[in-house]
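Here come two complexes built around subunit A, the first alongside subunit B, the second alongside subunit C.
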Partner chain A sequence: MHKRNRWLAWVFLVPAMIPVAILMYYPMVGTAIESFYSTSFINPNPQFVGLELYRELFASGEFGTIVWNSCIWTVFVVLFQNLFGFAVALLLDRELPTSGLMRSLVLLPWVLPGVVAAILWRFMYDPQLGLINSFLVRIGLSGGGQAWLAEPATAMGAAIVAAIWKGFPFSTIVYLAALQNVDREQVEAATIDGAGAWRRLIHVVIPSMREVIVINLVLTTMLTFNYFDMIWVLTRGGPQNATHIFPTKIYELGFGQFRFGEAATYGVFSILVLAVLLALYFLARSAGGRRSMARG
Partner chain B sequence: MRKMALIAAVLGLAMPTYSHAEDVVLKFWDNQQTESGLSQYQQEAVKSFEAENPDIKVEVTTVPYPEYQQRLLTAVQGGNAPDVSTIDQIWVAAFAAAGVIEPLDELAASAKISADTFFPGAWASANYDGRLWGIPFNVDVWQFSFYNEDLLKAAAIDPASLATFEGLKAAGEKLTDEAAGKYGIGLFAHKGEDTVVVMDSFIFSNGGKVLNEDGSCGLTSDASVEALAYLQSLAPYAPKGIANASSGDMRELFLNGSLAVEFWPALEQPTLQKSALNWDFVVGTAPEGKTPIGTFGGWNLVVYSDSPHKEAAWKFIQFLTREDVNGKVVDLIPANVEAADAFLRANRTGPERILEHLDNAAPRPLSPRYLEVSDIQVTLAQDVFAGMDPKEAAEKACAAIDALG
Partner chain C sequence: MRRSSTLGRAVLALGQIMLALIILVPFFWMVSVSLKPATEPFAIPARLWPDQPTLENYATAFRPEFRIYFLNSIVVSLSTVVITVSFALLAAYTFTRTQTRLILICMSLVIAAQMFPASAIIIPIYKLMRSADLLNTYASLILAYITVTLPVAIWMLRAFMARLPVELDEAAAIDGCGPLRTFFAVILPLCRPGIAATAVFVLIVTWQEFLFALSFTSTREMRTLPVGINDFIGQYGIRYGELMASSVLISLPVVAVFFLLQRQFVAGLTAGALRG
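Moving on to the complex of A and B:
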């Protein structure tokens, strides 16, 4: 790039960078700094304590629970949102008379506001009045009264199912777009060579969607890791912390108990995890870009 | 220079003169817990305040209850606190310790505002570290045991028996028929303050304490552990899912006739009055021969330290808590005893019983770290209802509370 062009690039970039720095990076850096101070609402004069809050965090059994819960939550929600989203995308990729209607209907859970979707699931899981127990009783799988959200053994699973339902249409739309870009000639060639539907999917379709799959996995992981509404409305992190994840814990510490320093330490961990995921996202994008250039 | 002075003088003469300096604009925040049209009532009251004080204008911001804590805290932390607001009784100590609100002792003394005007528990909730930090605005008390008269009659249960530990348990047993989807007592232990206030009222009524006078945890005393064990013994008569149930969930079951007894403050009455149920209530529950002690809830009015209009804010607080005004600007029960008496007689069933329970009620612990204590108590409730030995659960909770320092 010419020196003049480089300057020109900066001239165009700086007006966008300033608000990004103020609105995004300043609070992030502020959170990191706050995590080195003992500060809360009742202690308005922050005291520098170095890594003390981190030591306390690791010493508390609760941190391990939050990390474990966050891993279980993220892994299962992302995995099944992607699998389910991909399967539905395959179904919608067929040219059927009702395809347009089905594509619109499948988006419904995703366009519902998060809190509304969570309230809906809370009603469905209700031990006495919920649809789920009523259905299980009707088909003879349960005697009724199962408190899905009140038992530590089932609460996380119940929240995961609700989150999969809420989020899978995002993956469906992404995969549907990718499926429609798969080279039809390659698929037809494989069919002529005698490949069945399964082999065409595994050896032709999925490899040609690889970059999109990786990018969607990273994006849904970031969205799920930060997903607050569903768990907050369903259980507020209970019972007995069985569903507490990073965002719910940060909210509870910061706004529920006015413990800003401790909320900041959880926030820093959250930022670190997201930074790693973001790095993976860019790696996947640049790898995809290099492959496209090599092919093109 | 002379020309400039001349222009300034001419402009000065041309400006209209007003009888008083610029109006004070007072920012007042409150939250709304019911669909009572509170905001409209407050706007009307503000008009009469402004008529009495022509140099003060009041901007009222009414925030829905679930958002209030977050919005107020963000405003206070960001240096944008209102001049005057309501704050939950359980936040008073934290706001005082944080130095964001003004002590009101001298102002209250000079205005002859004293404890006698308010319910004792409400006045106590506004005091912390030997000083007065707020003026009680509205109150309520947990819990009243609201019962379905038809269900109790069908089971031949005397409603008065619900007021004793023994009677409530016996009624729960008689009223519960799980196979028919009928439950006796609406227990809840979700992560919410309603879980804590109900637990406290059973502890207080049994003579126990949450915190001792010296600030140490009182949950391991015999009286407290007994109350916890008693609550645990009621679990078989409650709808399933106690650990994630709220008072709101129990209300749904009570309204559809599946639940015979629900625990709520008097705030529940407008909802029940709109229903087709035959209902009534008893005041709390205590062991035979003891008086039920309820847990106070409610809000106090405070003046923020950063307010440039403290004098006007204080005038507004005096106005809002006046006997002739207090009942018109609250959606719970007025904290002013005289106003409460008139309000309850006009709007609630059983005003004498409510007044009696308000007189006996105790506030929750007045600690700047109350919100952490409360969170530990929620875990305690969940442990107890999950079947943990009450003594062991109380010891676990006390270890956590005492570690707060």
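Moving on to the complex of A and C:
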């Protein structure tokens, strides 16, 4: 667009910027404001209470449980989703007769609507009818009746496995595309120098994908930290808070009990986590930008 | 394309078989249970395929309220796809063609919003909808969905448009096209694959959106499919045959669209991811 048409540039931008400003940027501030007011189902008129809700939050043991659950959930889902996603990308990068077909199939879990995936896994984990117990009984590892989602000891692990199944295809597709961008000449040069497959992977392939890996880690961390559907449908945060994470707690407080203020204090912490991750994201991008400029 | 030894190929083939099982067994089971007659009991260990497959669960699942949920999902998703893609095209065009400092800042702000936690900001959004008297309407969902899908849509289309050379615009200008005509007659037709990829992405996201739909709709008449099927668990106890039949029906539209437009979709998604 020419300089004289700069006004037109803004006309083109306004339809996208207005909803994002009003429904995403304003609510970031709105959540912080909300956390200073107390409401409840019985007393729906907001009352200014200052930092009182934060004091109650830190005094309650629940906050610690939810931070801990969120950490376990996020770390394990992100780590294994990316490790498994990367391994699958390496597998599908090889030319086998079935690789093309598998590249199509691999996205299926990701395309499946989240609530449907959660219901499907709830059914897989069903103590009486579920496929998982059925399989364990058949191979003789269990007498059956294991209630994966109802036991505090296994519920979080079960939810994590389901989330990895749903999420790994996204990482696979991103890594597969990045693998296809790796400089073939460098890889061949390393082969000629006698580097085996493992050393080529560690010293040539992964370093050249570093930027994509970091960005994907940050993105999946944010998406996982805020992933509501899977846990809500599987366990609603139970049993005994064993699987409650930030988004499920916010929903329960806000829309289950109409305690908007308390829900907002949790929201403020989610936003802080976002701020840290965004800082990492832009650092990774600018570091990547410098590297590619250095390469010329 | 890499060649491997025979042993290596065998190991890789085994890996792909394992992968196929991990992906497909849950799907296979979903379909299998959806075809199981209500009279055939669940056996332990589970039988993998019903003796007498039947479509009766599908007939039961397609009850009147399910049709309402389906219609609601279609209205909300299609409106979102059309509006988001249009707005995103306009914005992406500006972001790739006019690069003043202020516009670049706006771009970073809009694109950063794709990571915003929906649950953390839902309460102020809910209150805005309530004061605008929009709760329990299509408008509340469409507005929320446009907002959450725009940042990613812009990100994908910008990566796509950045590959169209600026010389195209200049040539069009020399031929006497105004900027609007350049956009509509020259740029848009070239963006078709990018538009397809972005539309599929927005459709997949909105078709399954759960949190906003759960919070903003309060009557059965306004529920979308994900909320509807979640209600279905509590309402009737867990009748897995019907539940799995409903699950298949909900998944079919997105899975079908995905397979039809898969090539463009994957190219579009990864172009965005690789360019950052």
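Basically, the second predicted complex is superposed on the first by the 273 of 296 C-alpha atoms of A that agree within 3 Å, B and C clash if a C-alpha of one lies under 4 Å from a C-alpha of the other, contacts with A are read in each partner's own complex, and residues count from 1 in each chain.
Here is the rule we use: contacts are C-beta pairs under 8 Å (C-beta built on N, C-alpha and C of every residue); 3 or more make two chains touch, one makes a residue touch a chain.
Since the structure is predicted, the reported quantities are computational estimates derived from the model, not experimental observations.
Enquirer: Could you check whether subunit B and subunit C clash or fit when both are placed on subunit A?
Expert: clash
Enquirer: Looking only at contacts as defined up top, I'd like to know whether subunit B or subunit C touches more of subunit A.
Expert: C
Enquirer: Does subunit B (first) or subunit C (second) touch A:Pro44, or do both, or does neither?
Expert: A:Pro44: touches subunit B, not subunit C.
Enquirer: With the two complexes superposed on chain A, say which partner A:Phe255 touches: subunit B (first), subunit C (second), both, or neither.
Expert: Both: A:Phe255 reaches subunit B and subunit C.
Enquirer: For A:Ala195, decide between first (touching subunit B), second (touching subunit C), both and neither.
Expert: It touches nothing on subunit B or subunit C.
Enquirer: Where does A:Val214 make contact in the superposed view: on subunit B (first), on subunit C (second), on both, or on neither?
Expert: Neither partner.
Enquirer: Output check: A:Met124 vs subunit B and subunit C. Expected answer is one of first, second, both, neither. What do you get?
Expert: second
Enquirer: Look at A:Pro113 in the shared chain and tell me whether it touches subunit B only, subunit C only, both, or neither; answer first, second, both or neither.
Expert: After superposition on chain A, A:Pro113 lies in contact with subunit C alone.
Enquirer: In the superposed arrangement, does A:Thr235 touch subunit B (first), subunit C (second), both or neither?
Expert: A:Thr235 sits against subunit B, while subunit C stays out of touch.
Enquirer: Can you give me the overlap between the subunit B contact set and the subunit C contact set on subunit A?
Expert: In subunit A, residues 126, 128-129, 255 are touched by subunit B and also by subunit C.
Enquirer: Can you name the residues of subunit B that touch subunit A in the complex?
Expert: Residues 69-70, 73, 77, 94, 97-100, 178, 181, 183, 189-192, 239-245, 249, 252-253, 256, 258, 368-369, 371-372, 375, 378-379, 382-383, 386.
Enquirer: Given the complex with subunit C, which residues does subunit A contribute to the contact?
Expert: 1-2, 5-6, 8-10, 12-13, 15-17, 19-20, 22-28, 30-31, 33-34, 88, 91-96, 98-99, 102, 104-109, 111-116, 119-121, 123-124, 126, 128-131, 133-135, 137-138, 144, 165, 173-174, 176-178, 181, 211-212, 215-216, 219, 222-223, 225-226, 228-229, 232-233, 246-247, 250-251, 254-255, 260, 263-264, 266-268, 270-271, 273-274, 277-278, 281, 285, 288
Enquirer: Residue numbers of subunit A touching subunit B in their complex, please.
Expert: 41-44, 126-129, 145-152, 155, 234-241, 252, 255-259
Enquirer: Which residues of subunit C touch subunit A once you look at their complex with the stated criterion?
Expert: 1-4, 9, 12-13, 15-16, 19-20, 22-27, 29-30, 33, 42, 44-46, 86-88, 90-91, 93-94, 97-98, 100, 103, 106, 109-110, 112-113, 115-128, 143-144, 146-148, 150-151, 154, 169, 173, 179-180, 204, 207-208, 210-211, 214-215, 225-227, 229-230, 233, 238, 240, 243-244, 247, 250-251, 254-255, 258-259, 262, 266, 269-270, 273-274, 276
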